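Multiple structures are listed underneath, in structure tokens.
Common to both upcoming complexes is chain A, partnered first by chain B, then by chain C.
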Partner chain A sequence: MNIVTVAKIVCDDQDIQIASDRTLDYSKARPTVSTYDLNAIEAGSLVAAEKGATHIVVSAGTPSIDDTKNNKNILARGVDSLTLIMNDDYADLDAKATAEALAPTVKDLAADVVICGDGSADIYAQQVDVQLAEALGLPVVTAVSKISFEGSALVAERILEAEKEVVEIALPAVVSVVPDIALPRICGMRDIMQAGKKPVTKIDGATVVRGAEVMETLAPEPAPRKKMLFDAGTDGDIDKFVAAVAEAIR
Partner chain B sequence: MIDFSITDEQELMLENLREFVARECPEEKIKKWYNQRYIDEDVRKAYLDAGFGYMFVPEEYGGVSSDAVTLALVVTELIKSAKATMPFMSYGLAMFDMSEFASPELMAVAMKYYEETGEQAYSLALSEPCAGSDNQGMTTTAHWNGDGTVTLNGTKTMVSLAETAPFMLVIAKDEDPARENKNMSMWIIDPKQEGVTLAPLHKIGQQITNFSEVYLDNVVIPETALLGERGKGFLQLMKNFELERIMLASHSLGLAKAALEEAAAYAGQRMAFGKTLGSFQLIQQKLTDMEIAVQTMESLLLKTAWEFDQGMSVRLDSALAKRYISMQSTWVCSEALQIMGGIGYTTESCVGRLWIDARGSQFGGGTDEIMVHIAGRQIIKKYARN
Partner chain C sequence: MSIFVIAETEKGARGLCAGARTLGNEVALVSLSEATRIAGIADAVYAITVPVDALVESAAATVSELIDTKAPEVVLVEPTRRMKVIAGKVASKQGVSVITDAKSIEGAAATSLFFGGIANRKTKSVGDIAIFTATPSIFGDVQPSGSDVVEEIAYIADDTVKLRSREALPPAGVDLTVAKNIIAAGRGFTDEADLQMAHDLAAKMDAEVGCTRPLTEAVNWMPRETYIGVSGLMLSPEVYVGIGVSGQMQHMVGVNTAKTIIAINKDNNAPIFEQADYGLVGDLKTVLPEIIAKL
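Up next, the complex of A and B:
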């Protein structure tokens, strides 16, 4: 069985500088795995360990995603190999174009289960899972909080607003998982030491068609502080606080 | 050429260590551990399972090969992130020491215990009420009974982890307690056996590591409890003192870094007289001198660890590092306390704990003065004119 987890590699937001004109400077930001995709990778590793399957992580982006430390960070998490699909034109891809970039490789890897994270740390569109399923011609189940197997089918638990839904889906399939599915592991010392010895496959990504172009990315206008103080010990201040918050976000 | 650039692997280890501390060592747990005098087993195990506890252990016993620079980075980061003394490094160092003088069978027993509990497998009973730095003043004796047994008598003090470790290593003079007798042997005993009595000692800092007096009253053990060579027990122990000094200096540096970070963050936020504390030049000067001290401490520590890794002698530099970094750490923590004012002097802030723990490191593993005793002779040799 092959488990393929699709992960986005983004700039570490802690290192992004905001210039006075609100433009973002990524030059000092190192690549890192998009936060919720770490949970997806963990889920993939747990499923792979349970089923004795091979776990491959696939990512698509500009050549900047090929960072030795980040590669080792991924490979130290119970992952057998990493495939990077790279193209200079892959900056700011929309979800459909991302799916188009990923699909041929994921297909070649003969994945039985394709796992996607909840949404990316930068744009959080929550669309790559369904777009990738469409591109691969596979069924998809979203918002999965637990994965198990029944014979040759995958059983997915989905947490909905007021209920838990259990879905059985034939393989191969795409599942996107909520962060609660698995807490990313503390990477063990041995795993870190061995990560550098695991294979990283680098593929030249084909040109993809963009559905949308990013025209501009700016930080929000800094809002002046309200400087309003409320004392929880004073009668009525909590109501005043709630009213002030409601007014501010209206 | 010295190169302190951090490798991918070291960076990942430190990131994962920070994540471990964030998940497993919140402040309320640390306070609990200081009160109960030990770390909970689940956290000790988690530290071991993540592999950090295997760093000192030789590979043939399942350990992970590590250099001294990596060990120094890990210990410093652990203490800095936890903002407290974390004795894990002593656990692994103990296994490393044991592998030097214990039989493979005993090492296997100790490793089994270590892996099951994450706890240090043995305590070390070395100091005595009248023999601390002056170890030759030791009066605990081992008497060979001639029937395959040995009897131990004496009093040990300041024994770390005696309450929780399943074994105890005792250094005792062979037969004669006289000062002139330099033959000391090392024995492994069960601290629960007849004739052994523990009495807790209460430290003012670093309480996370329990501390005891140990009374040995006609403790009969088999001759086979001898570790290493008869009469060479203290020399065996000395072999790893230099690495221990590097690790103790790392511990002190971690405390200083935590205190500096706390004080600087506080100075950047705390308002006084209508502006932040950090706007005042008196505070800026303190922070500047603290930063100089921390950077200097770190440079000396990493240089010494690097020399150790190159197989160079660190008899001088490990003593310099232990003395300088222990003392400077206390000073940095004290300045942090001064910047934080009244709140720093309460248990609401971790800075008081850092300060009092740093002070303790000026005794443990060799006092500041003993480091002069070691370094001074080396400096005379270093600059001797033929």
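Up next, the complex of A and C:
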């Protein structure tokens, strides 16, 4: 059995700077796995361990996603190999184009289960799962909090806004998981050392057609704040703070 | 211009139909449930009866065919899990991507949050159709209207995913979206019992208590409906008090439009202080009882 987890590599949002013209400066930001995709990878590794399956992580992006440290961080999480599909034109891909970039490789890997995360840190559109399933001609189930297997079918528990469903889906299938499904492991030094020996396959991504185009990305003007700081260790400061709170809720 | 609305809840159907009217003169509602068979909110209602033992998303093929036939310029979709699947399948068939969580819509383009609010990103649909997910609130206070021609559309069966069971989740105890003031508990709470102090403070200041994501997930101390921020609640209260909240952007984006932001944190370097009107540096275990007593 092959488990393929699809992960987005984004720049670390902690290091995004806002330039004076309100555009974003990513020059100091390192590539990192989109937060909730770490939970998806963990879920994939748990399923793979249970089923004795191979777990492959696939990502698509510009060549900047190929980062030794980040590759090791992925491979240290119970992942057998990593495939990076890269093309200079893959910046700011929409869900449809992302699915188009991923689909041929995912198909070649003969995935039985394709796992996607809850949503990406940057656009959180929750759409690559559905678009990828459509591109592959596979069924999809979203918002999955628990995965089990019965014969050749996957049984998934899903958490919706006001309901919980248990569904059965024939494999191969695309399953997107909520973060609760699995907490990402803390990688030990040994895991990271071993990760360095695992294969990273680099593929030249084919040209894709976008379904949506980014027009502009600008930081909002921040709301001005008073930034008055009190210290509980300073005599009378709690009283001043309480007075400020009382005034605010009046 | 012809606008289609796809909604799951009554509130979503009413609100998005009202909003659709501000974008175009022809509004059609795709109704997939009894809850959204509402009179007087659209010019046409396309009613699809999904069998109770099927997934609601199984209507995607029927909806997709309907949209192919009617060719609306814009589709407004309620941002629920199920509707997002239907929207995605329709988008795939049309060769476009859904532009999600639109804050404002201009023609085929919409502005959404980027990195949870670090920036606003304007994205344009490439194709003859633009599909957006949006909450009704982005359209402000508008009322739906319409003459309601109801047309039954035959459901095309799709059982690729089989439903085994469905049950209602316990309802959320509180509705933070209507609360005047909000207190958020963060990871600074190291003992579950201490959350009582957040509730005691809330009682003193007519507030409801929400939290950051780790408090519903890393530990299960708060109901999942109460976490604030990216993929959780987006609020705009009069007063927000973050207690033991570091000020991570993913959380703050959910409250940064509050009129007044107040923070309590033992770390004087916590980023939340940079985003607050009033901050108190102190250990919540010692300062909260004192604040509650004095307020």
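Here is the rule we go by: the second predicted complex is superposed on the first by the 225 of 250 C-alpha atoms of A that agree within 3 Å, B and C clash if a C-alpha of one lies under 4 Å from a C-alpha of the other, contacts with A are read in each partner's own complex, and residues count from 1 in each chain.
The definition used in the following text is that a contact is a pair of C-beta atoms (placed from the backbone, for glycine too) under 8 Å apart; a residue touches a chain by one contact, two chains touch by 3 or more.
Only a predicted model underlies this, so the values are computations on that prediction, with no experimental measurement involved.
J.: A:Gly196 contacts which: chain B (first), chain C (second), both, neither?
T.: The first partner, chain B, only.
J.: Have a look at where A:Cys187 lands relative to chain B and chain C in the superposition and call it first, second, both or neither.
T.: First partner only, chain B.
J.: Return first, second, both or neither, reflecting whether A:Pro139 touches chain B, chain C, both chains, or no partner chain.
T.: Second partner only.
J.: Which holds for A:Leu171: it touches chain B only (first), chain C only (second), both, or neither?
T.: After superposing on A, A:Leu171 lies clear of both chain B and chain C.
J.: Per the contact definition in the header, classify A:Asn73: touching chain B only (first), chain C only (second), both, or neither.
T.: In the superposed model, A:Asn73 contacts chain B only, not chain C.
J.: By residue count, is chain A touched more by chain B or by chain C?
T.: The partner that reaches more residues of chain A in the superposed model: C.
J.: Check the residue A:Met1 against both partner chains and state whether it touches chain B (first), chain C (second), both, or neither.
T.: In the superposed model, A:Met1 contacts neither chain B nor chain C.
J.: Mind pulling up the chain B residues that touch chain A in the complex?
T.: Those in contact with chain A are residues 8-9, 11-13, 15-16, 19-20, 23, 46, 49-52, 54-55, 64.
J.: Where on chain A is chain B touching in the complex?
T.: Per the stated touch rule, the residues are 68-69, 72-73, 76, 186-193, 195-196.
J.: Within their complex, state which residues of chain C touch chain A.
T.: 55, 80-82, 84-85, 87-89, 91-93, 95-101, 109, 112-127, 160-169, 171, 181, 205-207, 217-218, 230-231, 238-239, 241, 249, 256-257, 259-262, 268, 273-283, 286-287, 290-291, 294-295
J.: Write out the stretch or stretches of chain A touching chain C in their complex.
T.: 13, 16, 18, 22, 24, 94-97, 99, 118-119, 121-127, 129-131, 134-135, 139-143, 155, 158-170, 179-180, 183, 209-220, 222-223, 225-233, 237-239, 241-242, 244-246, 248-249
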